[in-house]
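Right after this note come the structures.
Here chain A shows up in two complexes: once beside chain B, once beside chain C.
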Partner chain A sequence: MPEITYRQAVKDAMVEEMRRDERVFLIGEDIGTYGGAFGVSAGMLEEFGPERIVETPISEDAIVGAAAGAAMIGMRPIAEIMFMDFILLAMEPLVNQAAKARYMFGGKATVPMVIRMPSGSGTGAAAQHSQSLETILMHIPGIKVVAPSTPYDVKGLLISSIRDLNPVCFVEHKLLYKEKGEVPDEEYTIPLGVADIKREGSDITVVSSGIMVHKSLKASEILADEGISVEVVDPRTLKPLDVDTISKSVKKTGRMLVVHEAVKTAGWAGEIMASISETPAWDYLDAPMRRLAGKDVPIPYNPKLEAAAVPQVDDIVQEIRAIVHNKY
Partner chain B sequence: MPPTKVDAKFDNEKTEDVLTRAEKLSLSKKDLVEMYRTMIKIRLFEEMADKLYALGKVHGTMHLSAGQEGVAVGTGTVMHDTDYLLNHHRGHGHFIASGADIDKMMAEFLGRETGYCKGRGGSMHIADVDANNLGANGIVGGGIHLAAGVGLAIKMKEEDNVVLVIFGDGAANQGILHESFNMAAIWDLPVVYLCENNQYGMSAAVTRVSSKVPFKGRAEAHGIPGYFVDGNDVLGVYEIMKNAAEHARSRKGPVFVEAMTYRYFGHSKSDRNLYRTKEEIQAWKEEDPIGRFETLLLDAKVITDADIDEIYQEMNQAIDEAVSFAENSPEPDPSDVTEFVYA
Partner chain C sequence: MPTPFIMPKMDMDQESVFIVEWLKKEGELVEKGEPVIIVETDKITSEVEAPASGKLAHILYGENVEAPVTEVIAYILAEGESEADLPDSGTQTAPAEEVLEETEESAQPKETPGKIATPLAARMAKEKNLDLSLIPAEGEKITKDDIVAYLKEGDQVQPRVKTPATPAARRLSSERDVALDQVEGSGPRGRVQAADVLEAASDQKAKFIGIEPSFASGETVPLSNMRRRIADRLTASYQETPHIYLTVEVDMFEAEQSRKRMNTLAVEEGSSPISVTAYLVRTVAWALKGHSMLNASLTDEGIAVWEDINIGVATSIDEGLIVSVIPNADRQSIREINQKLRYLTKQAREGALTREEVQGGTFTISNLGMYGIQSFTAIINPPQSAILAVGALKRKPIVVDDQDNIAVRPMMIMTLGVDHRLVDGAVAAAFLAELVKAVENPEYLLM
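Right after this comes the complex of A and B.
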């Protein structure tokens, strides 16, 4: 299989869907000649023209509102929000309009739209360009939230998101854009709501998404040398959440750690732990479930502080050791 | 018209001879009577809704538009069935004027499965997506950004219709109006913005909370033509909206209309009218859009007192039937509460 980058996988999914379905279009800031702030849509203007690569003013509220309006009358917009932080400027059309139209109107509307947004820290962009706000989006009935970690998952999940009839928030971790991985040439999709076991193991289940999958896999390799066998489960879709796959893994390993970059308080780790405590896996636990998350701070500028604000490979290693060696 | 809070000249023509005006607007006598009938239908429908609320049959809240029928009917008569409509929270009149089924509206008020939204939306969210009615909105200005997207999609799909987005003077102070105006203007979108200025955003007098009125200056600042019309003159609204819709329909870009009117009921059911006087309300009732039109039609002998009695009788009967339909309809099953969250 050919290797492509995470960035290329995003673009390939959009390009292929735009070729397949003329209702699909991309709307956002600087997505044309500039190619998007992270270069994802570079070259798409040349192929599809300004009618389908719709460059907007800096108006996030109207971008998401316009995407929702277009979706309601049968188009399939993909809105690019330059940084996930800026979705906060568009919460009204997302939460009050797109997410609710179907329910409010008694099942008579569909709002098939995707909002792509790069999340996460690690670029030195500080507090307003580095947030991981997935939980805020997961809290809203009517919205689906996807957060892929590999190029393969990006492509298969983005195609499914574009074809989905609901508003889907597609969270891309900006440090992963250069990450390479195998992606088949032929068309494929990955259903939303299905988790993937990224590494099999028997001593502990680590649930993580986005960049934390990669950090968890690195930690697993270090721990393998110590005889600790880690299973890494990537939910891939945070809402709807595949509790079943996680629960089965926990039944097998008897331990669970949830790792995310988003801040700890009211983060989705809590949701996963609560969900597992409601399943029979609870009876199989040999140790308290734990979570390792971003500290409850805005992302700082200084690189050492920035790194200290979110879980790193060493933190994951230490936390797993403590759980497996019954330190809690 | 009593001194409005907005001191500006109306753009609609003003002659007292209703038949001359109608002829200029290509409206037949039959059209005039139909417009009058629809205004009565809206007024009686809302009075019934208010009554049902008082009887405890409608729960939650509702926003009545009595006094604003001139805007609803002048507009509804202009728009085509294929045009898209994004309505506001005080939108019963606009729905009825656009041809909505009052049985399904009343059923929705009573929270019934047979209502437009199967009892999930209520008065504030009535929609009929299959008929291009994209819904009333509980968020002040909540349709304004959607309108830009509907306009964009119309252009992409090469449809020949337009989108009408209606909002109040309160929504005119939401920042999204600027974003939406700008987008619609740079892309020449077929959007008709209708600001129904009833002079109060809840309790806030429009002049107290707005830097400059009429609002058409805000549209003009974006290069969008703006019109200011006497909303209690149904033919004036028709005339201006006809020109506005034609502007958007002929792909000349977006257009803005502000119709000056007044609501008689409070903002919602919690309103005790502390912010305005009885005298002010009374002065506006003397400029009632239905009363003014009725006088014109009687003077021109388009209708007689007997016709009026008959129209009232007919409309009252239609509304009684709507209530009966609603009351005899089933409520949604609580076990279906999670249905419709996702498609």
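Right after this comes the complex of A and C.
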């Protein structure tokens, strides 16, 4: 299998779907000549033209509103929000219109749209361009939230998201664009709502997504030398959440740590822990479930503080050690 | 507020200590810094000092028992305090961890530091044995209402479960029919973990099968940590190390003459007489310099040949056996070694050896000559590769020259035990020959 970047995998998914289905189009800021803020759509304008690579004024409200409307009349829009932080400007069309239409019209209208949004810190972009706001989106019924961690996952999941009949918020961590991985040439899809065990282990289950999957895997390597066997579960889709896979893993290991970059308070780690405590896995827990998440602060501009604000490999190592050795 | 007496942690990976003796009884007065308990860890017996001055109370762990470290083992009552001031007083079953938690809570900043109480509130607090400093006040003074509210709140914070346990431990306890309150928890604050239940379950099974001793025993002496450690280490060494033994008889005539002269000088100088052991330590160290395989250890990576020559000397003490170490014995004079040995023996008998004084040995000498033992074999002290067992000096008629003349000489039998995995018989023999040469001709040490 050829190795490609996460960025390339996102582009390939969009290009292949646009070739396959003429209803699919891309809408957003600077996505044409400039190729997108992170270069994802570079070259797409040349292939598909301005009719299908729709550049908009600086208005997220307009991007999402237009995409939602287009979806309702039968198109398959992919909207690109330059930074996830800006989705807040489009909450009205997303939350009150796109998320509700299918329910309010008894299924007569569907809203098959994808909103792609780069999230997270690590690029020195400071507080207004570094947030991880997926929990806010997860809270809204009618929206699916996908956050892939590898080139393979991102391509398969983006294709599934484009074909899904509901609004899908597609979260791409900025630091992942350069990440390389094997992706098959032939067409494939990954169903939404199915978690993936990224590493098998027996002592503790670590649930993490996006960039934190990679950090958790590095931490697992370090801990393996100490005889701690870590299972890393990547939900891939945060909503709907594959509680079953996580529950089975926790039943096996008896311990769970949830790691995410989003701030801890009301973050999705709490949601996962609550879900697990409602499953039979509860009776197999041999330690309190714990969260390792972003500090409750806006992401700082200073690079040292920026790194300190979100979980790093060393933090994950220490937290797992503490849980496994009952030292917290 | 009574001061919790917390068992200190003396070693990084230590979980418990063995309480040998309480030097003070419940109710006795102790001074801060005064030794109160004698405890035994893996190797060392040491004293634990009182954390505060006052009356010793509520001892939770008696003598000859294991006590967990970093947990409360007793309390010290300040003047005017009584048992009633103890957190959770009266309940014998209250595990230490709950007590600890409460003291931790109360250690948090109070809402009303130093607030004074109304006379009524003060009287109520006295009657109920409440610590006024712990009672939060609504207004500027602690009032009757504050006391009532505090008492009511106190009623409410009873723990929901008596035995803290993880969900997995609870499930297993019901599946395996193990009573949770009978299980000793190894988790934080004594919480019962799944592994604790499994262990208890297998203990239960063992009991059921009946591994009771079938013979009448007089008295069962509890295994001290030291005894247990000796047992474990020596069993492992005996089972895992293929020992071979080489025995020689040494003529100690010259050595004894030399020792006599040294002792005359020592007496003149006012220092202590040189012991045979000190003389042997020096000689063995000298001989080891040319025979590094006997100053080595077998490791997973290969044979570690030690640069330093640290001679361990086995010393018998009441509780068992301890090997104290003379570091760099090849670079010390006999007088220095002698002084050190006397000091170490004294410390060992008093149980006051420090960790440094028993670690790092690369070769061990065990001398049972003082008991009149002629010769014996010894088990290698892992991870070392050799041990020298020394018997008593015995005057015997022997042939002393090639004219077959017989003389009476002080003879001594030495048996060298080596780890055959890294030391072959010939290598051991070469070392032993070198050693005999130096023991019989002390001048070699000067050359």
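The criterion applied here is as follows: the second predicted complex is superposed on the first by the 327 of 328 C-alpha atoms of A that agree within 3 Å, B and C clash if a C-alpha of one lies under 4 Å from a C-alpha of the other, contacts with A are read in each partner's own complex, and residues count from 1 in each chain.
Everything that follows uses one rule, which is that a contact is a pair of C-beta atoms (placed from the backbone, for glycine too) under 8 Å apart; a residue touches a chain by one contact, two chains touch by 3 or more.
Only a predicted model underlies this, so the values are computations on that prediction, with no experimental measurement involved.
Once the two complexes are overlaid through chain A, chain B and chain C fit side by side, free of any clash as defined at the top of the document. When the two structures are aligned on the shared chain, A:Asp283 is found in touch with chain C, with no touch to chain B. On the chain A superposition, the C-alpha centres give an angle at chain A of 140° between chain B and chain C, rounded to a multiple of 10. In the overlay built on the shared chain, the residue A:Met72 is in contact with chain B alone; chain C does not reach it.
When the two structures are aligned on the shared chain, A:Pro151 is found in touch with neither chain B nor chain C. For the pair chain B and chain C, the minimum alpha-carbon spacing after aligning on chain A is 33 Å.
By the touch criterion given at the top, residues 25, 51-52, 54, 56-57, 59, 61-62, 64-75, 77, 92-93, 96-97, 101-110, 112, 141-142, 144, 165-166 of chain A touch chain B in their complex. Considering their complex, residues 84, 86, 115-121, 125, 127-130, 132, 134-135, 137-139, 142, 144-154, 156-157, 175-176, 179-180, 182-183, 186, 339-343 of chain B touch chain A.
Residues 254, 282-287, 326-328 of chain A touch chain C in their complex. Within the complex, the chain C residues that touch chain A are 166-171, 186-188, 191, 193-195.
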